[in-house]
Amino acid sequence: MSTPTITRKISTRESTTVTLLLIGVALAYLLLFLGLPLVAVFVEAFKKGWQLYWEALQEPDAWSAIKLTFIAAAIAVPANLVFGVSAAWAIAKFEFKGKSLLITLIDLPFAVSPVVSGLVYVLLFGAQGWFGPWLQAHDIKLLFAVPGIVLATIFVTFPFIARELIPLMQSQGKEEEEAAVSLGASGWQTFYKVTLPNIKWGLLYGVILCNARAMGEFGAVSVVSGHIRGLTNTMPLHVEILYNEYNFVAAFSIASLLALLAVVTLLIKALVEWQAKRSGEPLHHGA
Amino acid sequence: MSITIENLNKNFGSYKALDNINLEVNSGELLALLGPSGCGKTSLLRIIGGMELADSGKLLFHGEDVQQRDARERNVGFVFQHYALFRHMTVFENVAFGLRVKPKKERHNEAEIKRRVHELLNLVQLDFLHDRYPAQLSGGQRQRIALARALAVEPKILLLDEPFGALDAQVRKELRRWLRRLHDELHITSIFVTHDQEEALEVADRVVVMNKGKIEQVGTPDEVYAAPATPFVYKFIGNVNMFHSRDHAPWAAEHGDAVAYVRPHDIDISRIAQDDTALPVEVKLVRAIGSIVRVEVALDSSSEIIQIELSRERFDSAPLVIGDKVFIRPRQFRVFESGVLNELSAA
Amino acid sequence: MSSFKAHSVLPGFNLALGFTLLYLSLIVLIPLSSLFFKTATLGWGGFYDVATSDRVLASLRVTFTTSFVAAIVNALFGLIVAWVLVRYKFPGKRIIDALVDLPFALPTAVAGITLATLYAPNGWLGQYFAAQDIKVAYTPLGIVVALTFIGLPFVVRTVQPVLADVEAEVEEAAASLGAGRWDVFRRVIFPAIFPALLTGFSLAFARAIGEYGSVIFIAGNMPYISEISPLLIVAKLEQYDYAGATAIAVIMLLLSFSLLLAINALQWWSSNRGAR
């Protein structure tokens, strides 16, 4: 009897054709939906040359929009950072009743349309709102002014840092902190010397995502801003106004700055992911 | 420093983790809390360390109530089961931590900290690793660093939670001998938690056997092995054969419905009946394991296996083969009433 | 002592939780509750009138269908992208991988004007569609394009880690038992990643329902045809119809929550089926 030939091949890989086809489809899809728009922003911005691009950015209204965007982010990100750290400390290091409800509530702003996020502040502080008459009587302007924009920005970026830190700190447990306390460290020393170094990459990761959203938020801010040029327009709102005035070059010039911010965000994010992997700190991906 | 525990209770919800614990730990002794998982030993250790609070009862260090004292102020060194080394600090910084977080006026200067840390690292024989990170160490090395870190603050009491639990067998054996020698050098009152009877018997001055939140027995390793106070201790420490008096323990029959506990090495084998209470059995298995020979026999009347251990010399003087019909009789046994922890007699 | 919190040696619980609850209440809970109080001022009759007005119903239909289609597109292509990123090696993979998160990082207004320009009848892509007599920008199709863009990372990022965790051994075992490659995927891999796929789908879907910035530029915003609900809210606000705007917001919230609940239930069911 001759040796039987093995006819059945064990297949744990796809054929080359299928592999190439899948890679092709994936790349085509990503280039069409992500690559092309990203390139298009810069192409449209420089369509009429450097000169016009540069002028568009130096326009006073554009300038004030850039400033307002940075102010809003500079308040919203630290505020949510403090919140994120204290929420994660309470949730990850202690056992208490109602914890999972609290986690759900923290995620709530993600489940709400940006427009609705703006709307709720109109309902609170608008002329017909709960605090409207009182604010008017004391001549305090929250809505259609900078404070309203900051509040709306805080709302939409509310969960970013907390939901990055909570799973991270939960996965790290509390033994190291207990060890620190048993060695005589105070609460602040424990946090500063033991907890913080262990979460630094996760913290940075959350801050970067939070900042990107804070600077780019459109819907919520649009509702509370009042669209006063040079006063209550953030960069995304200014893009809208310019675009609706058919001033495409100017619109895309500002947009190109925001796109640059996005690219830098992605770069830092990749860098942080790489660093975190190296230091063995598990990141919780996705926003 | 001595530790006194009086009527200590701890519940987690409806689960009784500690049920009226009373215990006296002598100054300078090395005590083992031994028991199966969930017996409450770790809860007890954490309460002593101040990581948990008892629901009721007293906890005294050298006669002084410390229940209200914060973990930071108890002067207790705690070695965690998974070591809990600070992963972002070098070995040196880990050991130095307790010295660096002292309040300003009590803090030593940098040179003194350096001297002390190196002294401790030399004590645990790992000074050459001082600039490594925990991730670069082996399990046994981490364990010793964790110990050095706990010792840095000069604790009066040292608590160790399953100190060798995460190590493989060979390292574990070496480390526990090392811990014993270290304790003999330092004489700090030390308590360690373990589920490994061999570990407890080999290392500790005294062993506390726990089960279901209660203390079953406190005694020297020899006492808990040779004179177990309860059936649980018999079963948990060492091997044991159980003979139900009614069926097949004529030598214990006077106790009525009871169970006799007999260690495998406390049984004599003979070709002729030693006396009228000897049990006729058949040899089912003979296996030489190192210096002892394990013989398994079965009563003629049942299929239950009885384990017997003989020294090699003893076995060689009267060899057995499978199928031999022989008689057995216990040299030493204890009788407990069935199902009740009530000791009736000991032979 | 059966207390609210288990004992811990770590300090700062009261401060941390207290601040967390205060901040959560001030920023999120109190403002959101105003939605329901405001709606209540309409009464049931008024609420019903707003909810069932033709324009509102049409906007809800547009919002939910386009969101659903976009989420389906993302589920399908997101699965392929995740597969390719996990299983194959090719030049530039790390850049592509990082690029997937672009919709998270790119402000929606920028995405909106860019997509509108690209898909306009004279745009880079729009001209090819126009040649086939297909209008993309300023139609519901345009809305789908925008929503596909903003939902793209969700499916990829939820499926990716789960797919990477599927043990090669399980696949090898299946293959050694005679299963072909497609069988292995269908019977072994797909069931393992299905719950993650569903999560990604529902996240993309939920995000799409609320989306505003990227849509309004490309949608054309024709009432009854390409007007999404968030835009209708803004329109009502501009007419100072606060109660009407709030009613639409509440309807949207209720619809999305019940949908997410249904998807969660489906997910629970499918993962429990797979659990051994």
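Lettered A, B and C in written order, each chain numbered from 1.
Here, a contact is a pair of C-beta atoms (placed from the backbone, for glycine too) under 8 Å apart; a residue touches a chain by one contact, two chains touch by 3 or more.
All figures in this text were calculated on a predicted structure; none of them were measured in a lab.
Viewed as a contact network, the protein chains are fully connected, with every chain touching every other. Which two chains touch most often is answered by the contact tally, and the pair is A-C.
Each chain gets one centre point, the mean of its Cα atoms, and the points for chain A and chain C are 15 Å apart. The geometric centre of chain B is 56 Å away from that of chain C, both derived from CA atoms. Once the centre of each chain is set as its mean CA position, chain A and chain B turn out to be 53 Å apart. Chain contacts: chain B has residues 50-51, 71-72 touching two or more partner chains.
Taken residue by residue, chain A touches two or more other chains at 178, 181-182, 186, whereas all remaining positions touch fewer.
Residue positions of chain C touching 2 or more other chains: 8-9.
Those residues of chain B that touch chain A in the shared complex are 49-51, 71-72, 76-78, 80, 82, 84-89, 97-98, 101-102, 135, 149-150, 152-153.
Those residues of chain A that touch chain B in the complex are listed here as 175-176, 178-186, 189, 193-194, 197-198, 279-280.
The residues of chain B lying in touch with chain C in their complex are 13, 50-53, 55, 70-72. By the touch criterion stated above, chain C contacts chain A in their complex at residues 4-6, 8-13, 15-17, 19-21, 23-24, 27-32, 34-35, 38, 77, 80-81, 83-85, 88, 90, 94, 96, 98-115, 117-118, 124-125, 148-149, 152-154, 157-158, 161, 168, 171-172, 175-176, 178, 180-181, 184, 206, 209-213, 217, 230-231, 233-234, 237, 240, 242, 245-246, 249, 252-253, 256-257, 260. Across the complex, chain C meets chain B through its residues 1-2, 7-9.
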